[in-house]
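For reference, the structures are reproduced in the following blocks.
Shared between the two complexes below is chain A, which pairs with chain B and chain C, respectively.
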Partner chain A sequence: MHSFGYRANALFTFAVTILGFMCALASFTDSFNSPSPSVQVQVLKVNWFQKQPNGNDEVSMTLNISADLQSLFTWNTKQVFVFLAAEYVTPKHVLNQISLWDAIIQEKENAKFTITTSNKYRFIDQGSNLRGKEFNLTLHWHVMPKTGKMLADKVVLPGYRLPAEYR
Partner chain B sequence: MDWQGQSLAEKLMQIMLLGFAVIAFGTGYLTASFQTMILIYAVGVVLTTLVTVPNWPVFNRHPLKWLDPSEVEKHPKPQPSSNVNSKKKPIKK
Partner chain C sequence: MGWVSDTVDSIKSIKVREVLHQLIVLGMIVTTALIIWKGLMCITGTESPVVVVLSGSMEPGFQRGDILFLTMSKDPIRSGDIVVFNIDGRDIPIVHRVIKVHEREDTEDKYYLTKGDNNPMDDRVLYNHGQNWLEKKHIMGRAVGFVPYAGWATIIMSEKPIIKYVLVGALGLLVLTTKE
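For the complex of A and B:
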């Protein structure tokens, strides 16, 4: 504490160290949050279902996604990235996952939503396995904090089935 | 600043910063606003800087008593003796 510069430096260092501790503490308070999200997805309609010239199946469908993710938000949440993935089994691969739709939610109010949309990303199989295929629709979310570790979780909705024939 | 002033300034800095941090965190947590916490803390840091870093007179209330110039002449500085130079001996291997 001898000179002006010395004091200024000491203060700055201490202030930034304390800031680091405050951010760590803020991140820690997230562990007290127990989220209870609810999700419902309906396949309203299969728009078309074709085999591409290269041999891969492609399907386009209209989805109704209704979710309440408000409980995921805390004071330390910057945004929530949510995406819907279709999961199914084929003889060649045990797990196939395709992202059909995603969104970024930046405000808690927007986390409770219902949206009717056709799939944002194309549902193309590697091969020709989709006729009559049973699949799960899984809603994944990534909670991105202002400070700290990102949290990723999901809910699996089973029991969807694609048509048996191309249309 | 004098010694007492330095000690006071240092203690004041630590207490003020910690105090503002606690207030900032508490307010931010209760209002669920991260921005509030950062804002209050930033204001606190600026305030602490204004109080503890400049050389305010309150930190100079016990000034050091330097020796009066007239006294210096009465006690001349001792001259270094020739013995000092002979201390360095070459290292013999």
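For the complex of A and C:
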């Protein structure tokens, strides 16, 4: 009944239970954080805009993104994955969501940034609907915790428009 | 040597009634584990509620040996979500992030493109030849939470099966020889 094995087992089980409980608690403390991030995005230039041989529209643009995501960080934050997506509706598609740029932020100090970049991923439509198309740019972020529940939110910036002609 | 002869003695002294009792206890443990697993499947709606990360393609977010909790809710999959998917004809599911989504209005077909955070290119190189998009049927679930390191035991056991057999054997012996 009180052998070494029995006691080792009891101690191990207790330790794992406490560890699991602490992890759950650490994840729970994240819910007390109410972040207030700020985001601005500008389309500086449309580099080129054309129809691919297979009939899909593709556009390349230069973006200026500035954001302050420092308030997302808590003691249980391992990293923040941030990405900018173009979102628009076409007659055939009720939703098109295209990631244009993303970054991984691991330090709170780096969470306030301004960056000028052309789109990292190709902006290609499923079809030929991009001329004169109005679209939203949405900055999404996914907070990855050291342990526990993952959190996500976004800021939608409406009112961007693509040129009416290819260039 | 005392330990060995003790063990032999205790195996010799096993009585039918005790063996039956131990077998029932063992059965209870196994069925409880099964009930928990199947229960999780019902709650989360996915056929594998917990997966172990096997590759470093999502570093630094997820490392080899971390475990992920999955759900398959009615909420639509959007870009940025981390999904677990299965390519037709391959056994090992992949955990990557969705970067593009297109949803058709007429057929309600949904198309997803994924990419590992730590990979330079999107996943079209991983998909089958000629496949440009993932569809709903490929998606097994969406990651909602994670616990670091907890999956290492699984990785070790699946890569060094001998450890698994030794462990199962030792546990079996322990169950059979333990006295109430």
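Definition applied: the second predicted complex is superposed on the first by the 166 of 167 C-alpha atoms of A that agree within 3 Å, B and C clash if a C-alpha of one lies under 4 Å from a C-alpha of the other, contacts with A are read in each partner's own complex, and residues count from 1 in each chain.
In the analysis below, a contact is a pair of C-beta atoms (placed from the backbone, for glycine too) under 8 Å apart; a residue touches a chain by one contact, two chains touch by 3 or more.
Predicted model only: the values in this text are computed from it and were never measured.
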Practice prompt. Following the overlay on chain A, give me a clash-or-fit verdict for chain B and chain C.
Written response: fit
Item to complete: Mind working out whether A:Gln106 is in touch with chain B, chain C, both or neither, as first, second, both or neither?
Response: second
Practice prompt. Report, please, how wide the angle is at the C-alpha centre of chain A between chain B and chain C, in steps of 10 degrees.
Written response: 40
Worksheet item: A:Thr62 contacts which: chain B (first), chain C (second), both, neither?
Response: neither
Fill in: Per-residue touch tally on chain A - higher for chain B or for chain C
C
Worksheet entry | chain B versus chain C as contact partner of A:Thr29, first or second or both or neither | first
Discussion item. With both complexes overlaid on chain A, does A:Lys146 touch chain B (first), chain C (second), both or neither?
Written reply: both
Discussion item. Contact-wise, after the overlay, does A:Phe83 reach chain B, chain C, both or neither (first, second, both, neither)?
Written reply: second
Worksheet item: Just chain B (first), just chain C (second), both, or neither: which does A:Gln126 touch?
Response: second
Discussion item. Just to be sure I read the superposition right, which of the two partners does A:Asn136 touch: chain B = first, chain C = second, or both, or neither?
Written reply: neither
Discussion item. One more residue to check, A:Phe4. First (chain B), second (chain C), both or neither?
Written reply: first
Discussion item. Quick check on the superposed pair: does A:Lys92 touch chain B, chain C, both, or neither? Answer first, second, both or neither.
Written reply: second
Worksheet entry | Three-chain overlay, closest Cα atoms of chain B and chain C, distance in Å | 12
Worksheet entry | Common ground on chain A, meaning residues reached by chain C in one complex and by chain B in the other | 146
Worksheet item: If you look only at chain C, which of its residues touch chain A in the complex?
Response: 60-62, 78-80, 82, 97, 99-106, 111, 117, 122, 143-148, 174
Discussion item. Touching residues of chain B toward chain A in the complex: what are they?
Written reply: 1, 6-7, 9-10, 13-14, 17-18, 21, 24-25, 28-29, 32-34, 37, 41, 45, 48-49, 52-55
Worksheet item: Contact residues on chain A for chain B in the complex?
Response: 1-2, 4, 7-8, 10-11, 14-15, 18-19, 21-22, 25-26, 29, 74-76, 146
Worksheet entry | Residues on chain A engaged by chain C in the complex (per definition of touch) | 5, 23, 27, 78-79, 81, 83, 85, 91-99, 102, 104, 106, 121, 126, 140, 142, 144-150, 152
